[in-house]
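Please go over the structures that come below.
You will see subunit A twice below: alongside subunit B first, and alongside subunit C after that.
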Partner chain A sequence: MSDAPTAQTASSSAAEARIADAAYTGPMLAADGTPLKKSLNRALRLQKMRALALIAPLLIFVLVTFIAPIADMLFRSVENEIVSETLPRTTTLLANWDAKGTEIPDEAVFEALYDDMFYAIEAKEHTKLGGRLNYELTGMASLFRKSGRKVEDMGEVYQDQFEGLDAFWKTGENWNSFMGSDEWLASMAGWTKADGRQPKFKLREGMADVLPATTATYLKYAAFTQNEDQKNLYTTDPWAIVYSSLHKDLTGENALADYAGPAAEQLKAGAAAATSFETVNFSEAFLDIDKKWHDLDVWTTIKAYSPKLTSGYFLNAIDMQKSVDGAEMRPENQQIYGILFYRTMKMSVIITLSCIMLGYPVAWILANLPARQANLLLILVLLPFWTSLLVRTSAWKVLLQDQGVINDTLVWLGIVATDDRLALINNQTGTIIAMTHILLPFMILPLYSVMQTIQPTYLRAAKSLGATNWTAFWRVYFPQSVPGIGAGSILVFILAIGYYITPAIVGGTEGTFISNRIAYHISSSLNWGLGAALGAILLAAVMLLYYAYDKIVGIDNVKLG
Partner chain B sequence: MVALTPISRTAPSFYVPVVAAFGAFFGVFIGTGQGSTIGGVLGGAILMGVIAFVLTKVAKNERVSRWGLTLLLAIGGFALAGLPGLFVGAFFGWFFGFLIFWLYEGRYRAKVAPYLTPGQVLWHFSFRTLCGMIFFFLIAPIIIVMPLSFNAENFFTFTPEMLRFDPAGYSLKHYRDFFTNDAWQDAVKNSLYIAPVATLLSVSFGTLAAIGLSQPHVPFRRAIMAILISPMIVPLIISAAGMYFFYSRVGLQGTYIGVVLAHAALGIPFVIITVTATLVGFDNSLTRAAANMGANPVTTFFRVQMPLILPGVISGGLFAFITSFDEVVVVLFVGSAGQKTLPWQMFTGLREQISPTILAVATILVFISICLLTVVELLRRRSERMRGMSPS
Partner chain C sequence: MADTKSTDAFVEFERVQKSYDGENLVVKDLNLSMPKGEFLTMLGPSGSGKTTCLMMLAGFETATHGDIRLSGTSINNIPPHKRGIGMVFQNYALFPHMTVAENLSFPLEVRKIGKSEREEKIMRTLGMVQMEDFAGRRPAQLSGGQQQRIALARALVFEPELVLMDEPLGALDKQLRETLQFEITRLAHDLGITVVYVTHDQTEALTMSDRVAVFDDGRIQQLAPPDQLYESPENSFVAQFIGENNTLDGVVKEIKGGVAMVQLDSGELIQAKPINVTKAGERTRVSIRPERVEFDKSRMQDGAFTLKAEVLEFIYMGDIFRTRLRVAGRDDFIVKTRNAPDQIRLTPGTQIEIGWLPEDCRALDA
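== the complex of A and B ==
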């Protein structure tokens, strides 16, 4: 390989290159001639893209399966569309009503309420709305349920009068003959159920000008009958509300004078007679159904919950309520969430403190024993950590019962009397004992990993400089172990305030947490909005702590086992 | 810290009172059990003090003395309280025999630093006793369900027959119930259908993402990490509520797929954490070397990178598996009766008053977790050895 000429050539060409380099004063170039800076930037960008491409599938997965549900829950805590969707006209009219006054809304509002309720009842939405408003004012659910049966009959006054005037008005075929377009009527004539989808209802041209209110009502009725009820529209008799709309048109503004289509004769006869029809006072009619409809509270509640977004759930979650003068505290005897939040916090603090007290000596001894013994003892910490949460909870249920192992042992030893057994379960004591046991490994493991890094020589140095044992520990060792205490405490506290299973099983009524209340609202009382609002407050607290944890420990430094 | 302190025998004025104090302490329990606390204290103190003196100054032979004491107290215990008393007595005999000679021979000083004052030695051993009690607190609840699960009665406490070690007090009937009852068997089946699929999902997505995250230049690394870890931090009840709302909107509530997706999301943080921890020690020049020799990225991944990070991936997978296998809150909300898992069945069993079959299940689950713990520990050591970070 020691070929002299070759080596010489190489070195001389290298020298030439150096000369060329010296002569070239432009930006530094990469092998392919692009400027080096640009080329490096591109490489970096490529690297970033590759990293992101690897992360993207998981990120999308977590966003869809986890973050979206959380966002949905947060949205539900302020969402309140049901009132304005079920009672659109009523809520619009209520906007102008003075809620602070002493007058109940006027006849126009009640008429709108009749309209809205009628559709809601047909779609069976009114009980849902009643249930929603019942969270705010007790008695609303029964009011709406009760009204449901009777509102349908209210419009029959007009229906009966029209039908009494002319039998023409009795059947759906006759109505369709002038409401429907010729084309639709033709396709409907040959249609049977076997043909599949019903031809969609088409309005006769010009009808919207002739009878505006009737048209609007009839379109709704037609769409509902065809899509929701799946009935043959052509042969179905119209709703009572169609007759009240017709009455409104015939006595009010219409363009009947120029109308010459089908049924013009009957319509004109109707218009002549309608002016002398017996009318319905909706305000009185609602009063007949239930006195509560003239109750000011009912109307202020409906008005307060008309907007599409509401702070009502959050106010409820902090023991406040909406009133005409804005938010106010609930009466003393209805305040439960403040107490519950306070209890959750207090018990989590107690659990965290007992974990520190029990975890610190254990972590110390693990960190100061020879590795072999420490590893053996570590198994005693890791085994509970790996054991199913339900196993540990059931163990505590067995141990803490009145007739359980602990009480039996105490009775056997004669420390407590048989009829004076300690109440260890279904109260706060039970929750604190069981949760301290369950969360203790989460305190010991971070403490241990911090204490492992503390040099024992510091302690010996302090002692050789004359410190007493206590001073050496308190001034030298303890400050170095504080990060471990911080990490462990935040972890234990975060886990504790969100705990559900253990308090549910050993907590009884006294030892339950806010989580248990959230679960109750979601699965039993079905007040999802309130459950979501309570959840949002809890989530905010946890996020704050998570942020602190990230600042103190860093998420990357979380260790498992 | 094995200090070899020269030891010498101590004077009776030291060890006799100490042993007597221990005797008084245990005498409290026996005394109250028999009806007289004061009598127990005095009797225990005097008895143990005398025994200590006699054994060390008269009998002198340690082996014979200790065995003799164990036997004596065992017989005494049997006379007082039958078979359980025999075991308690034998234990006391062993303990006091050990204690007397440990103190008498001065062995207690052998392993502590020679310069410690007597007060510090006392503190040293009290501290160890305290730690021992905390370890007992940690492990006892798990241990105690095991014998209880063999109870012949439907009780959750030790029956007199069990304490007498009467074979009639023990039976396998709760285990038999577990293996024959349809409700439990369906629950096991559901758990075994759900957990592995959820684990597979979180491991495959999680490993890829962990590799991406450990690249040197990742934009928004902190934010991404925070999002990926959040399922572990957000309280389960909130995750469950959110998933319940959202999954019922999209029609996944009460379906197998819904539960699997939810569990996979919950398992992801564990995979991310363990795999990124393993990747910290991964030498990136290995992948470059592989690429240099002509391997494409897929080959490099499966032939070079994967075998090296496999221990981390497996332990992450085990974490994800146990998360799903143990999970009850989310499945309570997202699942329906068709997805009733083992923890769910246990939870309903614990809330509605309850059959000891739960204890049999608990015992089986403890053994499963012991196995899992062993596997994870072995993997962790292996991975540390491979990275040259072996513990002594």
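== the complex of A and C ==
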């Protein structure tokens, strides 16, 4: 090298020039000088828009009718706003209550409960809440229903005393005369229903400072009366709870001393008398309604389900329940979903295996027949699709029942005794037989399409290399058909795991699937949250399987046709 | 089984017939005898029965009638996997789910050969086809030529004495085909194996084989070494099928001293070598190879019969010139001349006279 230094320098500088040229790293430019990427994007944009426009109707349809309901359903499995929305003050106060202790909540909580319940009862929400909490603790529905009327009456102690003090408190007109603003009172003066929309209630200025609790309650009452009840607020007499609020204001801190507006005289007289009024102990009052209100279980349940989101449905779906210490297994005699999930998985596996065993030879014959005969046979394979699923399943009922075709034939042939007929229906056997039949085409079709691509020369080659028929099949043909088995299995398994109609008809009690339970919660027990949680677990299981399959076999190896 | 045939025959077909539908014979009365170590090609157009013959030999088809013998033993009732015949398929038929080494290992495994011996044989065979570095690859990762090398190696790895090849190079491009043609013949020669090779490519047949069997219509039309086949075709099908050929139809006037006088349908008289004609009055088709036609008067024999011809087209093809002439009423008469410095380039429209040696012009069946 050192022999020719000049030549080396010359050649290296030439190489440098080339490298400098190749090292140009800026964006590639199109002929008109715009960056190539931008130019390409512009050219492709129209194409993309057109493609998007073509799929848009289906995309929107799927989003609206499929994705959105599923998302909503999944959300329901954790959604739990009803407790905190119906009992806002109670749940807030309960946050500070020690659920692990032995003490039931104090009077303040019961007073809050009275407030919350009063509004809930007026809006008829309390039975819904009872229904919701009944999923978690039996008896809650009847407790809330029973409490309905009686909670309304609790505040009447104060109402009676105020009305006894002064007849002024009896009528809505009198209440409105000092609660409502002058402007609103004027607009209400000549109003009748025929005039159309009722003028919206406006609070007298300063009233919120004078009587804070009463004002808050009165505003709720006014809004409810005007909007929900559609009654003339001016002539309607207030709720009992307004009187208990007034009592609270008049006995507690207020700014009545400086007040000189309408009814100041009555209010001041009321304030003087209120201190000696008979008071209500809400805790005792609730105990009178039902002694369950002093049960710790009731309160721990309400507290446990106070958050807006809950894991309760999911815990329920895996046979667990919320407790003071977090989550615990349900008592053994209440465990049901674990068994159902296990059964669903086990039977789906059995059905998938049956489909492989029955479908593989059929697909093999189809793939090796001349096209015309194969097409004819394929039609026979697809024939079941032409009849309704319900008809097919019902046909199995006819075939499989105790006095059915199969049993009768076996008895006639003398294979089984007439008093020892095979139990083929209303059990797992029935479900497996019927579902294997129904899902078989989903196994045969992908197997067939994979087997069609396996050239017969592979088998010939194997035989020419010295393999027996069995070795040639097992070592050469079978491995190549595995993608078909995989595709068929994943299809059959996923369909089977969510099957509903067939197990419901031929499965009896032993042969039902988790989906039958989901259907029960959606349509009969109306516990949508639990149904959604069960569905979400099922969906997760399927996705997990799909993921595992992708990792092991590779989803791009799947051929469906 | 009693062996009534000569003992040097390794592969024998005796009166073999094959029918698929019971109405038509695909192979009609096939008789063939091959000594050990021969490279024999079955050549013919598609549907001529050559592949069927190969499949009968491999055991994938059964002969409807007749006997197929291997080393003197009838193999009609021996299933393919017990015949011990190596086979190379047109589409390679490499097992896609196995690596190259596993593909080669397969025939050894089914023969229950031990692991170390297997590995040694695999590497040695891969070495023969220069593919040692590809043992771990899958067939899909190889090019067509590489796949065919592996297919060849797989057919050889268990050391069969007879290897069948069914158009193994059909899917490859020209250059690769030529390289592999050479390699296959070299391997066959080096290993001393007997090869039955099926192709429809006559160049392949001529360049590779010891003998070529030309098939047509379920029969062997001619079985001969390549040079004989080209230079002395025994009938007009072989003459037409192998190489390019000019044909002229006519009637034999007389046969004398090994030369037949033929009067062409257009009236001219020419001399030809009688092959399938025996007496005067027979219709015949004479065949002349394009490169044996002479138009330079000075290079013709004295008294040679000549024909008038008009030059229609001159095609420059690099190494040769191809000239199309109108002769005896036919305008598809071709003359091929070498691209030599002193070669005449004929211009279209020229009137010339052409002639040939009587032994180059063969009077065949009409």
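The working rule: the second predicted complex is superposed on the first by the 500 of 561 C-alpha atoms of A that agree within 3 Å, B and C clash if a C-alpha of one lies under 4 Å from a C-alpha of the other, contacts with A are read in each partner's own complex, and residues count from 1 in each chain.
Everything that follows uses one rule, which is that a residue touches a chain if its C-beta (ideal position, glycine included) is under 8 Å from a C-beta of that chain, and two chains touch if they have at least 3 such contacts.
Keep in mind that what you see is a predicted model, and the values were worked out from it rather than measured.
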Contacts of A:457 with subunit B and subunit C, given as first, second, both or neither: second
First (subunit B), second (subunit C), both or neither touched by A:475: second
Which of subunit B and subunit C A:412 touches, first, second, both or neither: first
On subunit A, the residue positions that both subunit B and subunit C contact, one per complex: 469
Contacting residues of subunit A [partner subunit C, same complex]: 455, 457-458, 460-469, 471-472, 475-476, 479-480
Footprint of subunit A on subunit C - complex, ascending: 58-60, 79-87, 89, 91, 93, 95-97, 106-107, 110-111, 154-155, 158, 164
Of subunit A, residues touching subunit B in the complex: 44, 47-48, 50-55, 57-59, 61-63, 65-73, 76, 358, 361-362, 365, 368, 370-371, 375, 377, 379-384, 386-399, 401, 403-405, 408, 412-415, 437, 440-441, 456, 469, 494, 497-501, 504-505, 515, 518-519, 522-523, 528, 531-532, 535, 538-539, 542, 546, 550, 555-556, 558-561
Subunit A partner contacts - residues on subunit B that touch it in the complex: 1-2, 29, 32-33, 35, 37, 120, 123, 127-128, 130-131, 134-135, 137-139, 141-142, 144-145, 148, 155-158, 201, 205-206, 208-209, 211-213, 215-219, 222, 224-231, 233-247, 249, 261-262, 264-265, 268, 270, 273-274, 276-277, 315, 319, 322, 325-326, 328-329, 332-333, 343, 346-347, 350-351, 354, 358-359, 362, 365-366, 369-370, 372-373, 376-377, 380, 391-392
